[in-house]
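Each of the two complexes below includes chain A, the first together with chain B, the second together with chain C.
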Partner chain A sequence: MIDIKRFMSGSAFIQPIWVFVVAITIFFSIMSDYFLSVGNLTNILVQTSTIGLIALGMTYVMINGNIDLSVGATLGLAASLSVGLQDYGITVAVLAAIATGVALGALNGLLVWKTGVNAFIVTLGAMIGVRGLIFVYTEEQSFYASNFAFSDFGASTIGPIPVLAIIFLLCTLAMHLVLKKTGHGRNTFAVGGNPEAAMDAGIRIGRNMMINFMIVGFFAALAGVLLATQMGASTPNLGRDYELWTITAVVLGGTKLTGGYGSIMGTLGGVLAIGVLRNGMNMMQVPAFYVLVILGVILIAVLIIDQQINLKSFKGVQA
Partner chain B sequence: MASAEHTKQGFMLSKKHKAGLLNFLSAQGILVFFLICMFAFSLTSEQFLSQSNIMTVVRQASIIGIIAVGVTVVIIGGNLDLSVGSMLSFSTVLVVDLHDKIGPVGAILVMFALTLMLGALNGLLVGFMRLNSLIVTLAMLSAIQGLVLIYSGGQNVDIANQSDTWFGVFGQGYLLGIAVPIIIFSLLAIIVQVVMSFTGYGRRIFAIGGNPVAAVYSGIRKNWCVFSTYMISAFCVACAALVLGARVMGSQNNVGQGYELLVLAGIILGGTSLLGGAGSIWKTVIGVLILGFIQNGLLLMGYPYYTQWLVTWVIIILAVWLDLANKRKRLLTRHS
Partner chain C sequence: MSAATVTQASDAPGKAEAPILSLVNITKKFPGVIALNMVSFDVRAGEVHALLGENGAGKSTLMKVLAGKHKPNGGQILLEGKEKVFDNPKRAKKSGIVLIHQEQSLVPEMSVAENIFLGSLPKKWGNLVDWKRLHRESTEILDRLKCSFSSKDMVSDLSIAKKQMVEIARALVFTPKVVVFDEPTASLTDHEKPVLYDIINTLREQGVGIVYISHRMDEIFHLSQRISVLRDGEYNGTVNTADTNEDEVTKLMIGRSLEFDHASKPKDFGDNMLELRGLTVDGMFRDVSFSVRKGEIVGMYGLVGAGRSEVAETIFGLRKPSGGEILLDGQVAQLRSSHEAVAQGIALVPEDRKDQGLILGMNCRDNMTLAGLETVSKNGFMRPAAEKTVYDKYQQAMKIKTPGWRQKVGNLSGGNQQKIVIGKWLHTQPKLLILDEPTRGIDVGSKSEIHALIKELARTGYAVLVISSEMPEVLGVSNRIIAMYDGKVTAEFDGDAVSEDALVQAITGQYVTSAGKPDDQPAA
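This part shows the complex of A and B:
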């Protein structure tokens, strides 16, 4: 029933990374008494929701064949705005934070679209510059939420499940459906797979890219706001290195940097792989340092496996 | 008739000549921009152009500069190296920690050997196994940072007896009145620039960066060339670690965090294309110096240090955009 070849090449509904997720889940369940409980599993979802939300948007951008390095800085700015603007009311603060994220995404997208400068360079610049914006806005201060409704939201639950986990799962479902079932999703694949063919087919490439940059900006800002509700505070350095974690998660999930290939289910697997690994190693009282090494090794292993599978269909000179 | 032809030709020649000058100016746009920046800053602050200030800026920029020299070679070869930041942490912690245990000479030798091994691992994975360089070096970034933390146990390291050792000379010393970091930076830049411009090896690196398929068909051993670029990059990181460790005589275990992207910013600003096959070391040197002088100039004008990040953002995008537009001869592309 399950087509092994389709599965290994990542084009089935479930990606190879899920084997790894299931394997380490079973492993940690055996090794630690506390790992397999509803409390801990929902905890993992909450912990990963920050990187997970950004990774949803990043998947779109990377299927487009672009990359966004500025998400960590956008997250930090949104977090600072959502806490710093609370004198005007929580709603205004949160909306302003998210609008800023979307606007920064639009700016990135517009620059990639109109100037033709590589997305890597545009967003590398934005990564440095937006961090500067945070420091200009906060003047190097950390902010604390004076309104407890804000930090209560981060800790609230519906039944046994934390609200943050529900938001993450709902967003994942929505993004999965948009990618699979709508014209925008199909265009995203087309633009990443072959931009010239997409243009000839009448797809507005630039607009498609810009929308995807706005999506990732939105999710980075949303993740920033939710992270701020978890902490009840924000620091100017919040979100440093998140771009690297996010890209790691997306690549683990089987999305290709060259574009035209990827899935939200794979990204969810990649995000969970990181989350379960971190959490489980904590449970086994392994120092957090080892997670970094293991993640690096897994990332390279995924690349090698992926290459071995695709090598068979590839003929001609190797360069 | 003949004379008319002649004058026409002469006219064309002078026009071509003029266009040549314009072309030269626009091709060297970053150099022109650099000079304008220097001029503007020198108007607003008297200290800016003083010899001691310039020396200070170059000295501060030398660590990023040394790394950027190596990464430029990797990029010309058509790959990326994001692992240099973690590698810098690794090498600095290693050399500082080993200094007290096995003496400066041993520490330096071991540090160079291990750093080169990391470079070899990068080179093996990208050059011989043909994996995507961005992801491989991203994975190495994470793994090496983990290694540093495991090695140091999360502790910062320092040299106990700082006055009793000659080790500090690499970071604090002077030779003929010039700071040693600047000398190391200049020497590396000059040597690598000469190698890239005037040797067959350099041409091979440009060839594989420009058109890998053609390069392989013309008999270039691509695997070894890519491998060697990562070795050069690792060697430069080891030199930078020597300077950094000797300057501080101690090290935090995340000292190199974020360096990979600053280095890339300098390289991009200099005008080396991330696609490979084009670029040069002296452009990178100018790019790195521009970042250094902007930081210094803004500080001297009384702005807080983080304003340089905003300025860097604008400059990077403008520089690359104008460079592209210059090649394409129009400012906006039609992506529809």
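This part shows the complex of A and C:
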């Protein structure tokens, strides 16, 4: 009984979104013969790994009470750099791409910290500006990887499982542990829950926020590089709208836009919910435009249900 | 049980006048708790009926039932003899029951008039706001309350006391039959209170029934005609104010008699732990000098806005001094952030628990360890066992009442919340403990516990600075008292030998010669 209450209020290890993930998985398994095959399930993991990796970092930033709208552009820039700089060697190209992502995150964080301007505005500016940088750098050209080692990596597997899926799951585990078990994770919740109280407790809230922006920058760049290895190429428009998909996944996973609440396990559920829905509807040959409509409706429906549950649990509070 | 000596509300002697409002056998259950058990309570027109009880006794819950915010599991509400069911706050308001909130619910970016008529703005020509009528009617209400500000002032520009006036003005729009005041003086200073009392008396003379919830005995005895007491969710009797005294009421409330122990103040002092030399922050306070010794409790007394909290924040590294210096343990300290202040052994229990002291969505344990994560973590990773040990230690030492460490602090009573904040700081093992309004909005029982705790801490060697606007508190705990007025230290007193009059004069500017005329007359 108590466990059910903790579960519904989202404070347990497993988040309510997982009920939904399990439900749609069962639904699509019945509707499609191919859905529940190992090949398709790993396929879902690979498809969702791009959004999923960014969502890991976005969870931290959103628990902090901030948001990062520039992740899609950062992804695009990192992808272009990782392909475009391959004349200097793959290692250099990849490291440069990821360092760029971290640096852009640091810049976002520094601006939010030092100027006090809302993260929404700062990263909205960054989203536009960084996308501009991609066009400056690529001159509106797509790049193709000439080194096959790069594009082979995106398709490689360990046993039956794609490497990209393994990277995503390992990163998820690491981010879960850092959030739950470290002082940085605890401070991230405190800063988002009540910045003033966190500052009064001697927590360096600016530093905490900046590190989290760097983390999301890192994951956006990593996602960009891995996406480029999947395609063996990069395009200047890569990553458009990804910030919205990422935020959708994080919010579906129970993280609050106001900060202070959230979990990596919830985010994983949110990412899989989107991935399974897209994949499953694809298998059922639902036209792509309808898929978008259905996803939009589901996002709002889930949040309404979530709010109803939370309202109920608030009413139980004795004043 | 002492309830036997008092009369029951339903058959109170004296005036046979029918009550304007009766609550009969109200029961309210929350999951796992019976918040109200068969509580009965009534108010007559033209009386102030005080409702007393410790935090968690069910006062606020009872009032929320009355205001339609909670649905009772049993019992009746009778307004002018007719049974009413309030399933939402709007219906209660329309019937003439208005709740003046403990926490203010104004829109700061709007004018006073807009706030007063929020949700019921006068309209003309269909759906356009009738600004003329809005301001005329607002001004009428403000005049009735003898308010000094204009209906066109922005709420964000008003002081806390004036905001409260707006809150009360808002209640008058509905020509209420019953007005409930929930801890109305919690954020008022001593000299602002008479204004509130006048308003309450005015309303009473106009035949409004008033429910007055407060922890402060002096107010209750000053204002009320009858007193009802709740204890642990149960009705514990009603007494006529004229026939009783503070002791009897306290006994009804907490089941024991309560005394302030002025003799128990710490006595052994060490060297200066904190010394301020001409500390100044432009626009806030200037030339503030005083010291706090190890093992000593220094009280800082003054009105809200005198600069007391700002001095504390500057010591704590949150504000940059524009002049003067801060010495910690004899060394000049340059603190650029709260982080550095904590590292130097300073702890600040802030004025506003909910906004500054606690992460309400976090559980008790995590709030407790928040300021000292280094001691309960290894290589950046938390050690849950060590955290639990810390929590248990302070939970037991301070008798914090919680269902368990997993409880979110937002669900605790004010007294227990404050103990969590204090525990958080004790865990950092500070050398200087600053407490800003340590017992604001806390019930009498927890209040004396916290006072005893403060004295105990000083005896064990902490240097303690207590900021307060409550005279009994300052007098009850301080070895020395620093009085502030208008950003300046006006006087320093021996905490055992100062008269109340001298203190009042010092904080209302009568000692100030250089700062010009004081704005306010001291409370006589």
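FYI, the second predicted complex is superposed on the first by the 309 of 319 C-alpha atoms of A that agree within 3 Å, B and C clash if a C-alpha of one lies under 4 Å from a C-alpha of the other, contacts with A are read in each partner's own complex, and residues count from 1 in each chain.
Just so it is clear, a contact is a pair of C-beta atoms (placed from the backbone, for glycine too) under 8 Å apart; a residue touches a chain by one contact, two chains touch by 3 or more.
For clarity, every value in this text was computed on a predicted model and none was experimentally measured.
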item: Partner, of chain C and chain B, that touches more residues belonging to chain A; value: B
item: First (chain B), second (chain C), both or neither touched by A:T91; value: neither
item: Touched partner set for A:Q285, first chain B, second chain C, both or neither; value: neither
item: Which of chain B and chain C A:V117 touches, first, second, both or neither; value: first
item: First, second, both or neither for A:N187, with chain B first and chain C second; value: second
item: First (chain B), second (chain C), both or neither touched by A:M199; value: both
item: Contacts of A:I128 with chain B and chain C, given as first, second, both or neither; value: first
item: Touching partner for A:I304 - first (chain B), second (chain C), both, neither; value: first
item: Chain B/chain C common contact set on chain A; value: 199, 204, 317-319
item: Complex contact set, residues of chain A against chain C; value: 181-187, 189-190, 193-194, 196-204, 260-261, 316-319
item: Residues of chain A defined as touching chain B within the complex; value: 69, 111, 113-118, 120-122, 124-133, 135-136, 140, 199, 204-206, 209, 240-241, 244, 247-248, 251, 257, 287-297, 299-300, 303-304, 307, 317-319
item: Chain C residues within the chain A interface of the complex; value: 30-31, 33, 35, 56, 60-61, 64, 316, 318, 337-339, 341-343, 348, 350, 355-362, 366, 370-371, 373-374, 377, 380-382, 410-411, 424, 428
item: Footprint of chain A on chain B - complex, ascending; value: 125, 129-132, 134-136, 138-147, 149-150, 154, 212-213, 215-217, 222, 257-258, 261, 264-265, 268, 274-275, 304, 306-310, 312-314, 316-317, 320-321, 324-325, 328, 332-333, 335-336
